[in-house]
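Down below are the structures I want you to see.
Heads up, the next two complexes both have chain A, just with different partners, chain B and then chain C.
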Partner chain A sequence: MNTDFSILWGDPGTLILSGLVVTVKLALCAFALAIIIGVVMGTLRWIGWRAVEPFCWVYIEFCRNTPPVVQLLFWYFSASFVLPMPVFMFLRDFGYEFGAAVIALAFYHGAFYAEVVRAGLNAVPKGQFEAARALGLGFLQSLRRVAFPQAIRVLVPPLVNETTALIKNTSLAMAIGVAEMTFQYRAIDNFMFRGIEALTVITVLYVILCLIAAWLGRLMNGYLSKHLHARNATAIADRQIVGGEIIR
Partner chain B sequence: MMDNWARVWTPANWERLLVGDLFNRGEIGGLALTLCIGLLAIAGSTVIGAVVGIMRASDRKALNLPATLYVQSFRNVPLLILVFWAYFLPPVFGIQTSKFLSVLVALTLFTGAYIAEIVQGGIRSVAAANLEAARVLGLTPRQIQFWVVLPQAFFNMLPALAGRYVVSMKNTSLAFLIGLMDLTEIGKQIGARLMTSPVEVYLTILLIYFVVNRGLVMCLRLLENRQSFNRLFLRI
Partner chain C sequence: MTASNLATAASPVSLASKRPAAAIKMRGVVKRFGALEVLRGIDLTIERGEVVVLCGPSGSGKSTLLRCINGLEAIALGEVIVEGEHVRSKGSKLDTLNPRIGMVFQAFNLFPHLTILQNLILAPTMVLKVPRAEAIERARALLARVGIEQKADAFPDMLSGGQQQRAAIARALAMNPELMLFDEPTSALDPEMIHEVLDVMRDLAHEGMTMVIVTHEMGFAREVASRVVFMDEGLIVEQAKPDAFFSKPREERTKQFIGKILAR
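The block that comes next holds the complex of A and B.
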């Protein structure tokens, strides 16, 4: 086996770097969209309105139980049938592969985020939300001021796990020809026969990306437990005292 | 609209989706191949995960360190990259490999790392009082592990395990990227041949995957609590 990593200073290196940029872009776009979908869907499922419940269930179960690659292929090949024409034309001008990858990954991971958000909200006692409503806070206000701040601390670790999964799944976008890192590795392997070197490099890059995501998550966790916790701890202490009074 | 569905749902297409070219050319494919890879990977990764998970839960450095290294390195790499490693590395050393084998190995090792985490969490979740009680009753350390810790850990980790099994069943679809004739590849071929009805073709594949995975989840849910497990297996 003869490997020669010095070739990475030439063309293959620039190809991998351009792939890295696309991977990061794809991950960020899909993450932003998926978080929005996840929060909305998760909250809707948590509230459990009869009218939207079946719709949410079908969406979450369907997206969670089908492979992301097939979803990518679906959004790529049948976009012109499914999406409204103006949206499709708009996305096509950017190169539709990227758009399809963002949509597919966002819908796929959005379903997982929704479950995470629902589990986080379930960890908050239902009485908290009901009390906020009874005290006259609006619906969105009681979500924003009462339910979410308490849920978010439980929610961060699984959220980080899901986000690393999202970063890893961006590699699947090569199936529809998005020029991200794995795609560039295939190109280098096919045209320059330097597969092993390129594969080593992109493996390391993926590990670094995942570790960065995990590190950001830990940072956020630390921040939340410092700032949210301090304030809530006094609130909880107050509540216990008040509760004690009532029982007595 | 109905036309398109009729064009996709022909007996010939369904045969290819379910068993591939098994009856024409004797090559297994389609859903049968997907299930083959998925179930073998699930079995293999459960064994690996159990061993590595127990190693991770132990306090001995010599056991803990390699297990942690394995879990951390395999969890932070995309499965697709592992598949490429398993497919392109052995030939460099002159070892013959097949597409089927490389997908299976990559999927097993990848899922094994996740299952090890689940097993470790399950073992840690058993309350310490149980161990103390077992020790007071005079059980040996091996007996404690086998009769006290592992049975409780098993039921604690079943929901997470079910989720992981579904993910590995979904991940078999990566096989088509190195050219195996699995369900996704067959569906892609049918779609490419028909050209006019991608929505119907891909919805059909998605539906097949959905039915398989929901079925798997429901089967595992039967085991989820002690009572139904005993009813099923111990006839109590």
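The block that comes next holds the complex of A and C.
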């Protein structure tokens, strides 16, 4: 079979582009929600608060240990049972499949983010938080001003890792009819028999999206450790000054 | 006139006359870690202005006792009263502790992502709502007092251990504490740095600060303490003025301990 990439300048190309927009939107929405879930759940687990511990445990283990596709199907199809029919129909007209995909991906990856956040907080020496509290800082103040700024440096690399997984998993949303990139590839394959060309293009696009995420992560890491380097530079300068004084 | 009267009425000086006599009162304090009873009924009263040294073998519960005073650890039984107020802590991360109890740790625990000055003004500006400029001014004065004013804009890991511990003491003092707790403040330091920290503590004691100190520096205890409390296996075995404590201990267990320490 011959491949002909020139066909992409027509309708198939437009379809893929519209799919790309949906993929990016889906990834951004799911990421935003997942990060909120991850920070809240990860922090709650880190507190080791007995009242909420079982709840957090059940959430994390459920979401981590079920396939994301199953969760997508669950959030999409359970809505028709849980919600009153008129409400469901209303939501469906507004593209409920997108909302369901956001919720499912956010819950799934939120569970992983939660574990990343908890590990990051655990990496901060216990004495740091104790010192903050001994100074009279409240729980949230200690968390915001002392624990998080130190945890975030440890936290960025695994966070990037998880985020690329989230971006790739947006492709599963085609299972419930979200018109993202992989969905558009299927459409092109079914109606125009140009599957290979479309598949090649979306593969490259996924790689680019994930690379952008990794690049943003590296940028953030660089920003966070900037004053770490500045600190080392000043430390060296300081030592030289001390050395100078000794010579004098 | 009325305004200035109000101002003086609200100042800690006039409150001082109404404060109870004892800075710390502990009654029947029991602390357990699981099945292990770390404190097995502690009764201890510490007056204002006293410098109390807690000593004893490791595992005797002295650090835990200290941590019960500011509520870092929750007690199982008994009561801890600091400046007339019950310390009610569940020992969870969610508790907010009394900002008027300063604490100095063995590991310094300065915040590594903040400069020394930022370390000092963090709690005063956030907890006491002191205006930033005022907090900075006070912080610089405190740093000068502990002899590291030139390190204000340095990060903690650029300082020597002794300097870090002095900065940590200044950070605690920035909250205007009514009493100070020291948890083995010199145990992580090189011998030559121990003195610079002890000097700062000695000055503080001479200024009349109420201090509770867990330390193995017996020379310092002898010189500065108003009372030495000896603990073993979660109980207070003996307490006395330092001279009496070191020269004529009453209990057999105390004699053993002192004998071992002096033999070092």
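We adopt the following convention: the second predicted complex is superposed on the first by the 212 of 248 C-alpha atoms of A that agree within 3 Å, B and C clash if a C-alpha of one lies under 4 Å from a C-alpha of the other, contacts with A are read in each partner's own complex, and residues count from 1 in each chain.
Here is the rule we go by: a residue touches a chain if its C-beta (ideal position, glycine included) is under 8 Å from a C-beta of that chain, and two chains touch if they have at least 3 such contacts.
As the structure is a prediction and not an experimental result, all values here were calculated from the model.
Here chain B and chain C are compared by how many residues of chain A each touches, and B touches more. Shared-chain residue A:V87: touches no atom of chain B or chain C. In the superposed model, A:G138 makes contact with chain C only, not with chain B. Once chain A of one complex is fitted onto chain A of the other, the partner contacts of A:A175 are limited to chain B, with no touch recorded for chain C. In the superposition on chain A, A:V21 makes contact with neither chain B nor chain C. Of the two partner chains placed by the overlay, neither chain B nor chain C lies in contact with A:V58.
With both structures placed on the common chain, the touch criterion links A:I212 to neither chain B nor chain C. On the chain A side of its complex with chain C, the touching residues are 47-49, 125, 127-139, 141-142, 145-146, 149-150, 227, 231, 234-235, 238. Residue ranges of chain A in contact with chain B, taken from their complex: 1, 61-62, 64-71, 73-74, 77-78, 81-82, 164, 168-172, 174-175, 182, 185, 189, 195-196, 199, 202-203, 206-207, 210-211. The touching residues of chain C, counted against chain A in their complex, run 70, 72, 92-103, 105, 107, 109-113, 122-123, 126-128, 154-155, 157-158, 168, 171-172, 175. Listing the residues of chain B that touch chain A in their complex gives 73, 75-81, 84-85, 88-89, 92-93, 166, 170-174, 176-177, 184, 187-188, 191, 198-199, 202-203, 205-206, 209-210, 213-214, 217.
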